[in-house]
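One chain, chain A, links the two complexes that follow: it is found with chain B in the first and with chain C in the second.
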Partner chain A sequence: MNNRLRVLRAERGWSQAELGGQLGVSRQAVNAIETGKYDPSLPLAFKLARLFGLAIEDIFHDDQ
Partner chain B sequence: MIFYRSLNNPAGTRRSLRAIRRLVIAALVAYPLGCLVRLVGPDTLPVQLIGLGLIVTSLVCAALLAGTQLNRVTAEQATMLDEYDRSLRHRAMATAYPLLSGLLVLGIMYLGIASNLDWWHPGNWDQWNAVFWGAFLTCSLLPTAALAWQLDPAEVGDEGEPA
Partner chain C sequence: MTTSDQLSGEARLKQREQRIWAIKGSLFVVGMVTGGIVGYLVADSGFSADARWPASLAVGLVVTYLAAIGIGSWLLRELCDEVERQLQYKATTTAGLFYIIAYPVWFVLWKGGLLPEPSHWQLFLGFYAALLASYLFYRYR
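So, the complex of A and B:
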(Lines of atoms letter the chains of each structure in order from A and count residues from 1; the text may use other names and numbers.)
(Lines give C-alpha, C1' and ligand atoms only; values in the text may rest on other atoms or scores of the structure.)
Protein backbone atom coordinates (compact mmCIF):
# COMPACT_ATOMS: atom_id res chain seq x y z
CA MET A 1 0.00 0.00 0.00
CA ASN A 2 1.31 3.45 -0.87
CA ASN A 3 0.84 6.51 1.28
CA ARG A 4 1.49 10.26 1.40
CA LEU A 5 2.67 10.28 4.98
CA ARG A 6 6.18 11.58 4.30
CA VAL A 7 4.80 14.50 2.26
CA LEU A 8 2.12 15.35 4.82
CA ARG A 9 4.63 15.19 7.66
CA ALA A 10 7.11 17.36 5.76
CA GLU A 11 4.38 19.96 5.07
CA ARG A 12 3.90 20.33 8.81
CA GLY A 13 7.63 20.30 9.54
CA TRP A 14 7.43 17.37 11.90
CA SER A 15 10.20 14.82 12.39
CA GLN A 16 9.40 11.11 12.40
CA ALA A 17 9.94 11.09 16.17
CA GLU A 18 7.52 14.01 16.69
CA LEU A 19 4.84 12.36 14.59
CA GLY A 20 5.44 9.06 16.40
CA GLY A 21 5.07 10.85 19.73
CA GLN A 22 1.68 12.27 18.70
CA LEU A 23 0.52 8.86 17.52
CA GLY A 24 1.92 6.92 20.46
CA VAL A 25 4.26 4.81 18.31
CA SER A 26 8.02 4.73 17.82
CA ARG A 27 10.01 6.65 15.22
CA GLN A 28 10.81 3.30 13.62
CA ALA A 29 7.09 2.62 13.22
CA VAL A 30 6.59 5.93 11.40
CA ASN A 31 9.63 5.19 9.22
CA ALA A 32 8.30 1.72 8.38
CA ILE A 33 4.87 3.12 7.41
CA GLU A 34 6.39 5.88 5.27
CA THR A 35 8.62 3.44 3.40
CA GLY A 36 5.73 1.04 2.82
CA LYS A 37 7.35 -1.73 4.87
CA TYR A 38 4.46 -1.80 7.32
CA ASP A 39 0.74 -1.21 6.90
CA PRO A 40 -0.76 0.32 10.04
CA SER A 41 -3.78 -1.12 11.80
CA LEU A 42 -7.17 0.53 11.25
CA PRO A 43 -7.10 2.31 14.65
CA LEU A 44 -3.69 3.79 13.84
CA ALA A 45 -4.81 4.74 10.33
CA PHE A 46 -7.83 6.56 11.83
CA LYS A 47 -5.54 8.28 14.31
CA LEU A 48 -3.34 9.45 11.45
CA ALA A 49 -6.32 10.65 9.46
CA ARG A 50 -7.66 12.63 12.44
CA LEU A 51 -4.24 14.14 13.10
CA PHE A 52 -3.90 15.40 9.53
CA GLY A 53 -7.59 16.28 9.22
CA LEU A 54 -8.01 14.04 6.19
CA ALA A 55 -9.86 10.86 5.25
CA ILE A 56 -7.91 7.61 5.40
CA GLU A 57 -8.11 7.19 1.64
CA ASP A 58 -6.51 10.64 1.21
CA ILE A 59 -3.42 9.31 2.99
CA PHE A 60 -3.33 5.65 1.97
CA HIS A 61 -4.13 4.25 -1.41
CA ASP A 62 -4.02 0.76 -2.83
CA ASP A 63 -1.43 -0.12 -5.46
CA GLN A 64 -4.08 -1.61 -7.75
CA MET B 1 14.44 -13.77 26.01
CA ILE B 2 15.81 -11.26 28.39
CA PHE B 3 15.61 -7.50 27.94
CA TYR B 4 17.55 -5.24 30.26
CA ARG B 5 15.44 -2.10 30.65
CA SER B 6 17.62 0.79 31.74
CA LEU B 7 15.98 3.53 33.81
CA ASN B 8 17.80 6.17 31.76
CA ASN B 9 17.03 4.60 28.40
CA PRO B 10 13.87 2.46 28.61
CA ALA B 11 13.63 2.20 24.80
CA GLY B 12 16.93 0.36 24.68
CA THR B 13 20.38 1.12 23.33
CA ARG B 14 20.48 1.92 19.63
CA ARG B 15 22.95 -0.30 17.77
CA SER B 16 23.27 -0.84 14.04
CA LEU B 17 22.00 -4.06 12.51
CA ARG B 18 25.56 -4.93 11.51
CA ALA B 19 26.76 -4.62 15.11
CA ILE B 20 23.83 -6.71 16.36
CA ARG B 21 24.48 -9.43 13.78
CA ARG B 22 28.14 -9.60 14.84
CA LEU B 23 27.20 -9.77 18.52
CA VAL B 24 24.67 -12.54 17.86
CA ILE B 25 27.18 -14.61 15.88
CA ALA B 26 29.87 -14.09 18.52
CA ALA B 27 27.51 -15.07 21.34
CA LEU B 28 26.12 -18.16 19.59
CA VAL B 29 29.47 -19.42 18.24
CA ALA B 30 31.85 -18.58 21.10
CA TYR B 31 29.88 -20.48 23.75
CA PRO B 32 29.83 -23.94 22.11
CA LEU B 33 33.38 -23.38 20.87
CA GLY B 34 34.54 -22.59 24.41
CA CYS B 35 32.77 -25.67 25.76
CA LEU B 36 34.35 -27.83 23.03
CA VAL B 37 37.83 -26.49 23.76
CA ARG B 38 37.41 -27.27 27.44
CA LEU B 39 35.98 -30.72 26.70
CA VAL B 40 38.19 -31.94 23.86
CA GLY B 41 41.38 -29.94 24.46
CA PRO B 42 44.19 -31.11 26.72
CA ASP B 43 43.61 -30.53 30.42
CA THR B 44 46.23 -27.80 30.70
CA LEU B 45 45.77 -24.37 32.22
CA PRO B 46 46.26 -22.33 28.99
CA VAL B 47 43.78 -24.44 27.00
CA GLN B 48 41.21 -24.35 29.79
CA LEU B 49 41.66 -20.57 30.07
CA ILE B 50 41.14 -20.16 26.31
CA GLY B 51 37.93 -22.16 26.61
CA LEU B 52 36.81 -20.09 29.56
CA GLY B 53 37.72 -16.91 27.68
CA LEU B 54 35.49 -17.93 24.77
CA ILE B 55 32.59 -18.65 27.12
CA VAL B 56 33.04 -15.29 28.86
CA THR B 57 33.22 -13.56 25.45
CA SER B 58 29.93 -15.18 24.52
CA LEU B 59 28.29 -14.03 27.75
CA VAL B 60 29.62 -10.47 27.33
CA CYS B 61 28.17 -10.33 23.79
CA ALA B 62 24.84 -11.63 25.11
CA ALA B 63 24.91 -8.97 27.84
CA LEU B 64 25.59 -6.25 25.26
CA LEU B 65 22.63 -7.50 23.23
CA ALA B 66 20.31 -7.62 26.22
CA GLY B 67 19.79 -3.87 26.34
CA THR B 68 19.48 -3.12 22.63
CA GLN B 69 16.41 -1.73 20.87
CA LEU B 70 16.17 -4.82 18.69
CA ASN B 71 16.28 -7.17 21.67
CA ARG B 72 13.58 -5.03 23.27
CA VAL B 73 11.28 -5.96 20.38
CA THR B 74 11.60 -9.68 21.11
CA ALA B 75 11.96 -9.60 24.89
CA GLU B 76 10.13 -6.61 26.38
CA GLN B 77 6.65 -7.05 27.87
CA ALA B 78 4.16 -6.98 24.99
CA THR B 79 2.13 -4.19 26.63
CA MET B 80 5.18 -1.92 26.45
CA LEU B 81 5.47 -2.29 22.65
CA ASP B 82 3.61 -0.45 19.92
CA GLU B 83 1.83 -2.29 17.11
CA TYR B 84 4.82 -2.15 14.75
CA ASP B 85 7.13 -3.67 17.36
CA ARG B 86 4.55 -6.38 18.03
CA SER B 87 4.40 -7.19 14.32
CA LEU B 88 8.20 -7.47 14.27
CA ARG B 89 8.08 -9.75 17.30
CA HIS B 90 5.56 -11.94 15.51
CA ARG B 91 7.88 -12.21 12.51
CA ALA B 92 10.85 -13.01 14.75
CA MET B 93 8.99 -15.72 16.65
CA ALA B 94 7.57 -17.21 13.46
CA THR B 95 11.14 -17.76 12.25
CA ALA B 96 12.79 -18.62 15.57
CA TYR B 97 10.26 -21.29 16.59
CA PRO B 98 10.86 -23.65 13.63
CA LEU B 99 14.61 -23.06 13.97
CA LEU B 100 14.55 -23.95 17.65
CA SER B 101 12.32 -26.95 16.99
CA GLY B 102 14.77 -28.19 14.36
CA LEU B 103 17.72 -27.76 16.71
CA LEU B 104 15.85 -29.59 19.48
CA VAL B 105 14.97 -32.52 17.22
CA LEU B 106 18.56 -32.73 15.95
CA GLY B 107 19.87 -32.63 19.53
CA ILE B 108 17.57 -35.44 20.66
CA MET B 109 18.43 -37.48 17.58
CA TYR B 110 22.13 -37.01 18.31
CA LEU B 111 21.72 -38.07 21.95
CA GLY B 112 19.81 -41.18 20.86
CA ILE B 113 22.44 -42.15 18.31
CA ALA B 114 25.39 -41.18 20.52
CA SER B 115 24.28 -43.40 23.37
CA ASN B 116 24.01 -46.36 20.98
CA LEU B 117 27.26 -45.76 19.08
CA ASP B 118 29.25 -44.73 22.13
CA TRP B 119 29.86 -41.20 20.81
CA TRP B 120 30.36 -38.40 23.28
CA HIS B 121 27.31 -37.30 25.19
CA PRO B 122 26.92 -35.33 28.44
CA GLY B 123 27.85 -37.63 31.27
CA ASN B 124 28.16 -35.58 34.42
CA TRP B 125 26.74 -32.52 36.15
CA ASP B 126 29.26 -30.07 34.65
CA GLN B 127 28.58 -31.23 31.10
CA TRP B 128 24.79 -31.16 31.48
CA ASN B 129 25.10 -27.75 33.11
CA ALA B 130 27.05 -26.48 30.09
CA VAL B 131 24.43 -27.93 27.74
CA PHE B 132 21.65 -26.30 29.76
CA TRP B 133 23.20 -22.83 29.65
CA GLY B 134 23.98 -23.25 25.95
CA ALA B 135 20.33 -24.11 25.31
CA PHE B 136 19.24 -21.17 27.46
CA LEU B 137 21.52 -18.80 25.52
CA THR B 138 20.24 -20.13 22.18
CA CYS B 139 16.58 -19.84 23.24
CA SER B 140 17.20 -16.30 24.44
CA LEU B 141 19.00 -15.07 21.35
CA LEU B 142 17.31 -16.87 18.45
CA PRO B 143 14.34 -14.47 18.09
CA THR B 144 16.66 -11.46 18.09
CA ALA B 145 18.99 -13.26 15.66
CA ALA B 146 16.07 -14.04 13.36
CA LEU B 147 14.96 -10.41 13.42
CA ALA B 148 18.49 -9.12 12.82
CA TRP B 149 18.64 -11.06 9.55
CA GLN B 150 15.07 -10.38 8.45
CA LEU B 151 15.25 -6.62 8.68
CA ASP B 152 17.12 -4.34 6.36
CA PRO B 153 18.78 -1.17 7.68
CA ALA B 154 16.17 1.08 6.07
CA GLU B 155 13.36 -0.74 7.85
CA VAL B 156 14.71 -0.03 11.32
CA GLY B 157 15.72 3.48 10.36
CA ASP B 158 19.48 2.90 10.27
CA GLU B 159 19.44 4.77 6.98
CA GLY B 160 16.55 7.05 7.85
CA GLU B 161 16.40 10.06 10.06
CA PRO B 162 18.62 10.10 13.14
CA ALA B 163 16.94 9.08 16.40
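So, the complex of A and C:
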Protein backbone atom coordinates (compact mmCIF):
# COMPACT_ATOMS: atom_id res chain seq x y z
CA MET A 1 0.00 0.00 0.00
CA ASN A 2 1.31 3.47 -0.89
CA ASN A 3 0.81 6.58 1.19
CA ARG A 4 1.44 10.34 1.20
CA LEU A 5 2.49 10.47 4.80
CA ARG A 6 6.02 11.76 4.21
CA VAL A 7 4.70 14.61 2.03
CA LEU A 8 1.92 15.53 4.47
CA ARG A 9 4.35 15.49 7.37
CA ALA A 10 6.86 17.64 5.48
CA GLU A 11 4.12 20.15 4.59
CA ARG A 12 3.53 20.69 8.29
CA GLY A 13 7.24 20.78 9.12
CA TRP A 14 6.97 17.86 11.52
CA SER A 15 9.75 15.41 12.26
CA GLN A 16 9.00 11.68 12.45
CA ALA A 17 9.41 11.93 16.22
CA GLU A 18 6.87 14.79 16.40
CA LEU A 19 4.32 12.82 14.40
CA GLY A 20 5.05 9.65 16.38
CA GLY A 21 4.52 11.50 19.66
CA GLN A 22 1.19 12.90 18.46
CA LEU A 23 0.06 9.45 17.36
CA GLY A 24 1.39 7.58 20.39
CA VAL A 25 3.79 5.46 18.35
CA SER A 26 7.57 5.36 18.01
CA ARG A 27 9.64 7.21 15.40
CA GLN A 28 10.51 3.79 13.94
CA ALA A 29 6.80 3.07 13.51
CA VAL A 30 6.28 6.30 11.55
CA ASN A 31 9.28 5.43 9.38
CA ALA A 32 7.96 1.90 8.77
CA ILE A 33 4.59 3.29 7.66
CA GLU A 34 6.14 5.98 5.45
CA THR A 35 8.40 3.50 3.67
CA GLY A 36 5.55 1.04 3.17
CA LYS A 37 7.14 -1.66 5.35
CA TYR A 38 4.12 -1.64 7.63
CA ASP A 39 0.45 -1.01 6.91
CA PRO A 40 -1.20 0.61 9.94
CA SER A 41 -4.25 -0.81 11.66
CA LEU A 42 -7.60 0.86 11.00
CA PRO A 43 -7.61 2.67 14.38
CA LEU A 44 -4.15 4.12 13.66
CA ALA A 45 -5.15 5.03 10.09
CA PHE A 46 -8.21 6.89 11.46
CA LYS A 47 -6.00 8.64 14.00
CA LEU A 48 -3.67 9.76 11.19
CA ALA A 49 -6.58 10.94 9.07
CA ARG A 50 -8.02 12.96 11.97
CA LEU A 51 -4.63 14.49 12.71
CA PHE A 52 -4.19 15.68 9.12
CA GLY A 53 -7.87 16.57 8.69
CA LEU A 54 -8.19 14.26 5.70
CA ALA A 55 -10.01 11.07 4.76
CA ILE A 56 -8.08 7.81 5.02
CA GLU A 57 -8.15 7.35 1.25
CA ASP A 58 -6.51 10.78 0.83
CA ILE A 59 -3.51 9.44 2.71
CA PHE A 60 -3.43 5.75 1.76
CA HIS A 61 -4.12 4.13 -1.58
CA ASP A 62 -3.54 0.58 -2.74
CA ASP A 63 -1.28 -0.30 -5.63
CA GLN A 64 -4.03 -1.60 -7.92
CA MET B 1 2.11 20.68 36.25
CA THR B 2 2.41 19.80 32.58
CA THR B 3 0.06 17.07 31.43
CA SER B 4 0.87 14.72 28.58
CA ASP B 5 -1.69 16.44 26.31
CA GLN B 6 0.08 19.81 26.68
CA LEU B 7 3.43 18.48 25.53
CA SER B 8 4.67 18.56 21.95
CA GLY B 9 4.74 15.27 20.06
CA GLU B 10 8.51 15.00 20.45
CA ALA B 11 8.33 15.63 24.20
CA ARG B 12 5.56 13.04 24.56
CA LEU B 13 7.61 10.53 22.59
CA LYS B 14 10.66 11.23 24.75
CA GLN B 15 8.59 10.74 27.91
CA ARG B 16 7.29 7.43 26.56
CA GLU B 17 10.80 6.24 25.62
CA GLN B 18 12.09 7.19 29.08
CA ARG B 19 9.37 5.05 30.66
CA ILE B 20 10.27 2.12 28.39
CA TRP B 21 13.97 2.40 29.29
CA ALA B 22 13.12 2.72 32.99
CA ILE B 23 11.19 -0.58 32.82
CA LYS B 24 13.92 -2.32 30.81
CA GLY B 25 16.55 -0.94 33.22
CA SER B 26 14.59 -2.22 36.22
CA LEU B 27 14.33 -5.69 34.65
CA PHE B 28 18.07 -5.61 33.97
CA VAL B 29 18.78 -4.71 37.60
CA VAL B 30 16.49 -7.53 38.83
CA GLY B 31 18.36 -9.95 36.55
CA MET B 32 21.78 -8.76 37.74
CA VAL B 33 20.84 -8.90 41.43
CA THR B 34 19.24 -12.33 41.04
CA GLY B 35 22.24 -13.61 39.12
CA GLY B 36 24.57 -12.21 41.77
CA ILE B 37 22.63 -13.91 44.57
CA VAL B 38 22.65 -17.25 42.71
CA GLY B 39 26.35 -16.90 42.01
CA TYR B 40 27.06 -16.12 45.67
CA LEU B 41 24.96 -19.03 46.99
CA VAL B 42 26.01 -21.79 44.62
CA ALA B 43 29.35 -20.59 43.27
CA ASP B 44 31.37 -23.53 44.63
CA SER B 45 29.70 -26.38 42.74
CA GLY B 46 26.26 -25.13 41.77
CA PHE B 47 27.03 -24.69 38.10
CA SER B 48 28.13 -28.25 37.44
CA ALA B 49 25.56 -30.39 35.61
CA ASP B 50 24.92 -32.72 38.57
CA ALA B 51 24.67 -30.05 41.29
CA ARG B 52 21.40 -29.67 43.25
CA TRP B 53 20.20 -26.24 44.30
CA PRO B 54 18.39 -25.59 47.60
CA ALA B 55 14.60 -25.81 47.14
CA SER B 56 14.14 -22.35 48.69
CA LEU B 57 16.52 -20.86 46.11
CA ALA B 58 14.67 -22.59 43.27
CA VAL B 59 11.28 -21.35 44.49
CA GLY B 60 12.64 -17.84 45.02
CA LEU B 61 14.07 -17.76 41.50
CA VAL B 62 10.83 -18.97 39.93
CA VAL B 63 8.75 -16.40 41.83
CA THR B 64 11.16 -13.59 40.89
CA TYR B 65 11.30 -14.69 37.24
CA LEU B 66 7.52 -14.99 36.88
CA ALA B 67 6.95 -11.64 38.62
CA ALA B 68 9.56 -9.88 36.46
CA ILE B 69 8.27 -11.39 33.21
CA GLY B 70 4.62 -10.84 34.15
CA ILE B 71 4.87 -7.28 35.47
CA GLY B 72 7.49 -6.23 32.90
CA SER B 73 5.46 -7.56 29.97
CA TRP B 74 2.28 -5.93 31.24
CA LEU B 75 3.97 -2.53 31.72
CA LEU B 76 5.75 -2.67 28.36
CA ARG B 77 2.58 -3.79 26.61
CA GLU B 78 0.96 -0.54 27.72
CA LEU B 79 3.75 1.50 26.10
CA CYS B 80 4.45 -0.68 23.07
CA ASP B 81 3.03 0.47 19.71
CA GLU B 82 1.46 -1.80 17.09
CA VAL B 83 4.57 -1.97 14.89
CA GLU B 84 6.70 -3.16 17.80
CA ARG B 85 3.97 -5.60 18.86
CA GLN B 86 3.86 -7.12 15.38
CA LEU B 87 7.66 -7.46 15.39
CA GLN B 88 7.45 -9.29 18.72
CA TYR B 89 4.72 -11.61 17.42
CA LYS B 90 6.75 -12.48 14.32
CA ALA B 91 9.94 -13.04 16.31
CA THR B 92 8.15 -15.21 18.89
CA THR B 93 6.49 -17.26 16.16
CA THR B 94 9.82 -17.83 14.40
CA ALA B 95 11.49 -18.85 17.65
CA GLY B 96 8.59 -21.20 18.47
CA LEU B 97 8.91 -22.72 15.01
CA PHE B 98 12.62 -23.25 15.63
CA TYR B 99 11.82 -25.11 18.85
CA ILE B 100 9.07 -27.37 17.46
CA ILE B 101 11.35 -28.35 14.58
CA ALA B 102 14.66 -28.62 16.43
CA TYR B 103 13.51 -30.67 19.41
CA PRO B 104 11.76 -33.58 17.59
CA VAL B 105 14.55 -33.79 14.98
CA TRP B 106 17.23 -33.89 17.67
CA PHE B 107 15.18 -36.38 19.73
CA VAL B 108 14.72 -38.79 16.82
CA LEU B 109 18.39 -38.55 15.81
CA TRP B 110 19.33 -39.26 19.43
CA LYS B 111 17.03 -42.30 19.44
CA GLY B 112 18.76 -43.44 16.28
CA GLY B 113 22.11 -43.19 18.02
CA LEU B 114 23.33 -40.40 15.76
CA LEU B 115 23.44 -37.55 18.27
CA PRO B 116 23.83 -37.14 22.04
CA GLU B 117 20.65 -36.68 24.10
CA PRO B 118 18.89 -33.32 23.47
CA SER B 119 20.24 -30.60 25.74
CA HIS B 120 17.59 -28.35 27.28
CA TRP B 121 20.20 -25.62 27.68
CA GLN B 122 21.11 -25.64 24.01
CA LEU B 123 17.46 -25.70 22.97
CA PHE B 124 16.69 -22.79 25.29
CA LEU B 125 19.64 -20.76 23.99
CA GLY B 126 18.71 -21.73 20.41
CA PHE B 127 15.18 -20.43 21.04
CA TYR B 128 16.56 -17.09 22.21
CA ALA B 129 19.05 -16.91 19.33
CA ALA B 130 16.18 -17.51 16.86
CA LEU B 131 14.08 -14.90 18.68
CA LEU B 132 16.83 -12.28 18.47
CA ALA B 133 17.81 -13.09 14.88
CA SER B 134 14.25 -12.95 13.58
CA TYR B 135 13.51 -9.74 15.54
CA LEU B 136 16.57 -8.04 14.03
CA PHE B 137 15.73 -9.38 10.57
CA TYR B 138 12.16 -8.07 10.57
CA ARG B 139 13.18 -4.77 12.17
CA TYR B 140 16.08 -3.87 9.88
CA ARG B 141 15.33 -5.66 6.59
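Just so we're on the same page, the second predicted complex is superposed on the first by the 64 of 64 C-alpha atoms of A that agree within 3 Å, B and C clash if a C-alpha of one lies under 4 Å from a C-alpha of the other, contacts with A are read in each partner's own complex, and residues count from 1 in each chain.
Everything that follows uses one rule, which is that a contact is a pair of C-beta atoms (placed from the backbone, for glycine too) under 8 Å apart; a residue touches a chain by one contact, two chains touch by 3 or more.
Since the structure is predicted, the reported quantities are computational estimates derived from the model, not experimental observations.
Chemist: Contact-wise, after the overlay, does A:Thr35 reach chain B, chain C, both or neither (first, second, both, neither)?
Modeler: first
Chemist: Is A:Glu18 contacted by the first partner chain B, the second partner chain C, both or neither?
Modeler: It touches chain C, and chain B stays clear.
Chemist: For A:Arg27 in the superposed arrangement: first (chain B), second (chain C), both or neither?
Modeler: In the superposed model, A:Arg27 contacts both chain B and chain C.
Chemist: Identify the partner contact of A:Leu44: answer first if only chain B is touched, second if only chain C is, both if each is, neither if none is.
Modeler: A:Leu44 contacts both chain B and chain C.
Chemist: By the touch definition above, which chain A residues appear in both interfaces, chain B in one complex and chain C in the other?
Modeler: Shared contact residues on chain A (touching chain B in one complex, chain C in the other): 15, 17, 24-29, 32-33, 37-38, 40-41, 44.
Chemist: Quick check on the complex: what are the chain A residues that touch chain C?
Modeler: 14-15, 17-29, 32-33, 37-38, 40-41, 44
Chemist: Considering the complex alone, what residue numbers of chain B touch chain A?
Modeler: Touching chain A from chain B are residues 11, 69, 82-85, 87, 154-157, 160-161, 163.
Chemist: Could you list, by residue number, the parts of chain C that touch chain A in their complex?
Modeler: Those residues of chain C that touch chain A are 7-14, 16-17, 81-84, 86, 139, 141.
Chemist: In their complex, what parts of chain A are in touch with chain B?
Modeler: Spelled out, the residues of chain A in touch with chain B are 15-17, 24-29, 31-33, 35, 37-38, 40-41, 44.
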